[in-house]
């Protein structure tokens, strides 16, 4: 289909093109690719979520634009894409989790929360009055003692992953994850793999830019700068050794 | 009608073209064809639903993108097309089934559930504010001791079948079903026919990619990998024999 | 009016063209013509409704795509056109009939039901937010001991007929009805005329494809395959005799 | 204003053109002209409403497409134009009349009913979400012992007449009414004038096609076929005599 | 601004053009000019409203298309423009007046009623879902023992006048009013001035076409045909004398 | 930006152009400039509001189109632009002031009332369903013993002024205000400055056309014609003296 | 993407372009750049907010167009862009803060308030019926004894800063802030840095145009003109010294 033909179908939020595509959803995926990559790794002890802390200015508080978000005691999210849209989805997730706890006295499951989020997203792609969300989410948590990791894209499709990256340069990061993943990774191994994979897509990455959390039975825990720096040092040493 | 003329009518979700067609519904059918095929086979003991487990990456949990869904104790669905739309229809089906059970203490019938789903779909094709669903469903179950199998397409038309395929390469799979079907198939025969038909459309199919469920008086049961592998082996042996 | 001028007016569901036509309604009539014909014949004992059972595949259950529908104990409908739209109208008719019975303890009259249906259809042609229905209906029943037969088209106009065909090749079937009709037909005569008329439009028609019901004081009755086959045989014999 | 300029203003239901016209209303008037003419004649004893019974096929029940409608014991309407729209207005009129009777125990007056109808029509020409009605009505009845006759057009303007025609070939029929009308006509004279006027516009008119009612103190009465035939014979004899 | 530029702004009911105009309101003013003129004259004893009774056919009842309307015991209106729109505004005025009386047991004042009407009109020019009214009104009445006369135009602006004309040929009539007006006119003088002014715009006007009411302490009174004829005779005699 | 580019953005009431402007608001400002200027002057004793009484015809009551409006005991407004829009805003202001008094038994403050008005205006510029108001307002009053004067424009921005003009030829009047203003003006000085400034923009202005009010502790007071004439005489004498 | 392609996507408030951008939000950012810059500096004792007091005329009360707004006892905002939009957001912030205090008897936190504001803004960018806000905000306050400073842009993204500028010539001001900032600034140092940075972007700035507030434990305090003048003098002296 040439450009003119395509333009005829891509401006209605709720229209199919003749070949069965919904262009606004595909353009929202482009919005996701405009940001930095974030990733998740499922390990035997829980889930690792990681992102590069993207500071536009040394005067900006990096925390305020973090891409990792605590949703519940033992539930976290990593976001990529249009920041304000991502925040809205994170708020939706938190509200949903709180409501569940109030009603049933139990934390919401990772899968149930993911599906509530993707229902919300799908709705935005089918009704005429609203545009899709220009953001994707990773949702990680512990359910029945096991780590679980889901991705939610702008079409509203939930997918469960062992390890996955979303956002800009996603393919490079994903390749690194696939190369380094094994089913018996400990949380520590997961940390190492996460840092390796981020370095793959962005060789300029510096230690202090790492933003990592673990979600395990111990809850949502931010990996402190020292630990992150140690892992970073190990990974870069190892790489140099490999190169030698 | 040439291309320009057609374009004039295909962008309104609720417009007829001069030759009496609703293009958005036809484009939604294209969305259905973009996915892998799924099929259903009705046997004397119940219904077999089968799909190829389409794994994009070895790190993705195949279960999370399954195309087979339990709707009720003895009711299942197979979906093809836009994944998020399909999930929404499956959720609608589950909610409808639950409400029926709560109200009447009885499971909903296969036909009644199908018609509730297709009413919902038809509505999306007639009102202006929403696009059609880019997904088709097979609904299988047991009603009064007999297996029943329905298909619901993006126009909202319900059709009852003995055996049917939807999704990409549907025609090849359907031919195989027609060639191999007989009215006295047992559930086991149904399994074999299902695998044969999927192989017809996709000769690269491997045993572990098979995703099969049976819906019988015993309820919705997932066919375990070993059983699936056995059936697969039998079918491929047989094929080779035939080729000899 | 040339093509360009016409296109200027035919895309709004609720617009008149300069010559006073509503094009979306006329295009919905085209949707009706895309299907197979169905017909109704009023006799002294009740109404005959008949259609060709259009099976797309031998694996499809023909009943699930039947064009004849029981609305009430002694009320039936035959539908032509967009299948999902027709089903919605049939559901509307059934709900209307049930509500009437609940309120007044009496079955609704044929004319009253027809008018409820056509009001519903007309509404779809005047309000902006919905497209017209791409389906026409025949409604047949017994009222005060007499058979009555109505047609409802996409404009929402009700018409009472002695015998009428709608759908594709409607003109051929209607000619046959006009040639063979008389006011003193018995239900049996009506059956014969119905089969003759369907054969007129489709000489390939086979006996087992016949789908016929009678609506009389005895209620809505499906004509069984053997009876249909007998009538079919008589009609074709007669034709051959005539040809000799 | 040339054609292109005109087209710029005629597609919005609630827009004025630069010269202060509402084109959709004018196009709805064209819809009225597409049908056969109907007429009304006010006499000292009541009102005569008359139409040609337009039968498309000998199998159609002419009554079902009648253009004359009883609204109340002593209130009738004649309709021209888009049939389904006319029916909707007639239903609105009947419901209004019934509500009045329920509330006040009195029949609604001819003028009050006409104004309720024209309010309804005007609304359809000013709000954006609905198209105008493609139908005009004559409303005839007896009020305080006197016949009264109103016309309601697609703009929602009510006009009171002594005798008036609407629909196709309206001008010819109206000329005949003006030529033959006098203030002291009896109901019988009115019948004769009505038939004469219809013959003026349609010399092919046959006796059995006449559809005439009188609305007088005696209520809404359908003129039986024999009486109509007599009047028809008298009128045609007279014409022949005149021609001699 | 040339024609193409203008067209770009005149089709939205609630849009300003670059030079600060609202074209739909200006086009509605054109609709007002398409009708015959009506006028009002304020005198020391009350207000005179006058119009030419425009009969399209001798069979039409002139009263049914009158342009003068009683709103309350001592409140009247004269209307120009799109008839159905004018009627809607008159109905709105009557309902408003009745509600006021029911609530407070007092008749509504002329100015208060005018402002309620113009609020209603202004609303129609600012919201997107409705077109402006294609009609202007004169509202005349007695308030605190004094006659008051207001005009309301399609923009919803109320203006108070001593004497004013609206509708087609408004300028000619207004000139005549300005030439003949003085502050000490009696009701009789007002009648004479009204007839003179109407004759100025339409020299073909005949006595029986005059439609005049007075609104004074004595209430809303229709000037009978004889009185109107006398005034007419006096005015035309006077004119002839002047010409001599 | 050239004309074509501009047109692409100026027809949606709630759209930004690429350079960050909202054209419909800017066009509404043009509507304000189409009228005559009005002004306000804040003095130590209160506020002076002044306008030229624009009489279209000697038969029109000038009061009915006044541009100065009493809002509360000691609150007034001067309006420029589209008259019906201005009236709607004045009504809104009055209703707001009354509601405040009913609730709290206190008159609303000048600033609080201005902000209620500008909130209302801003809303009209952001939501899609309504056009902006084509009118600006000056709101003057006494608050805590001091005169205060605000202006509200079509964007909904409130500004407080010592002396300000809005409407047509605003710049000339504003220059005169700036030239003549000092912080210690008495109400009488304010009157003189107001007349001087109006004369600056319109040298044809005559004494009887002056429309002036003062809003002080004594309340909203209309300056009578004699006083206005005296001030006018003084100002014109002075001007002549200056010219000598 | 060339200009024509871009135009195709930038007129819908809720549409993505093919490269994943939302143009209306980007154009709203242009509206923010059209105004003068405002800035915020976080110090150890609280936050400094500063703006140039932009007086269009010496008769305008500068306070009425101030860009610094008290939101709560110890919460302030600085606004840039479309003034009426900024006011609406400030009102929203105040109402939110008041509601919080009423419910919980505690002042709302800086971050919580910022997020309520950005949620509101994000909503305006996703729903079809409203345009984005053409304004950005800085929100400064004291929370748990520490100053916090947030920025909210037209996309609805919140960012926390140590020191930040928004509005026209933002880049120049931000550079000056980055050059002069250190983590141990006292409120007094913050004042000096703020004035320096404003002078960087606008060398014409005069002392009396400075508009500065501090938000500290002592609450929201306006820096009086004398203090501002002193700081201004120090800064300009220093600059001159540096230049020497």
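Quick notes on this structure:
Order of writing sets the labels: A, B, C, D, E, F and G. Residues in every chain begin at 1.
Simple rule for what comes next: a residue touches a chain if its C-beta (ideal position, glycine included) is under 8 Å from a C-beta of that chain, and two chains touch if they have at least 3 such contacts.
Keep in mind that what you see is a predicted model, and the values were worked out from it rather than measured.
Listed by label, the chains touching subunit B and subunit E alike form an empty list.
Because subunit D and subunit E carry the same sequence, their contact can be compared by residue number, and under half of the numbers here are used by both. Measuring from the averaged C-alpha position of subunit F to that of subunit G gives a distance of 31 Å. Centre to centre, using the average C-alpha position, subunit B and subunit F are separated by 69 Å.
Distance between subunit B and subunit D, defined via averaged C-alpha coordinates, is recorded as 56 Å. Counting partner chains per residue, subunit C shows two or more touched chains at residues 128-129.
If the chains shown are joined wherever they touch, the resulting network closes on itself as one ring, and no chain has more or fewer than two partners.
Within the complex formed with subunit C, the residues of subunit D that make contact are 7, 10-11, 13, 23-24, 27-34, 57-61, 63-65, 81-85, 87-88, 91, 124, 128-134. Note for the complex: subunit D touches subunit E at residues 5, 8-9, 12, 14-22, 115, 118-119, 121-122, 125-129, 150, 155-164, 174, 177-178, 181.
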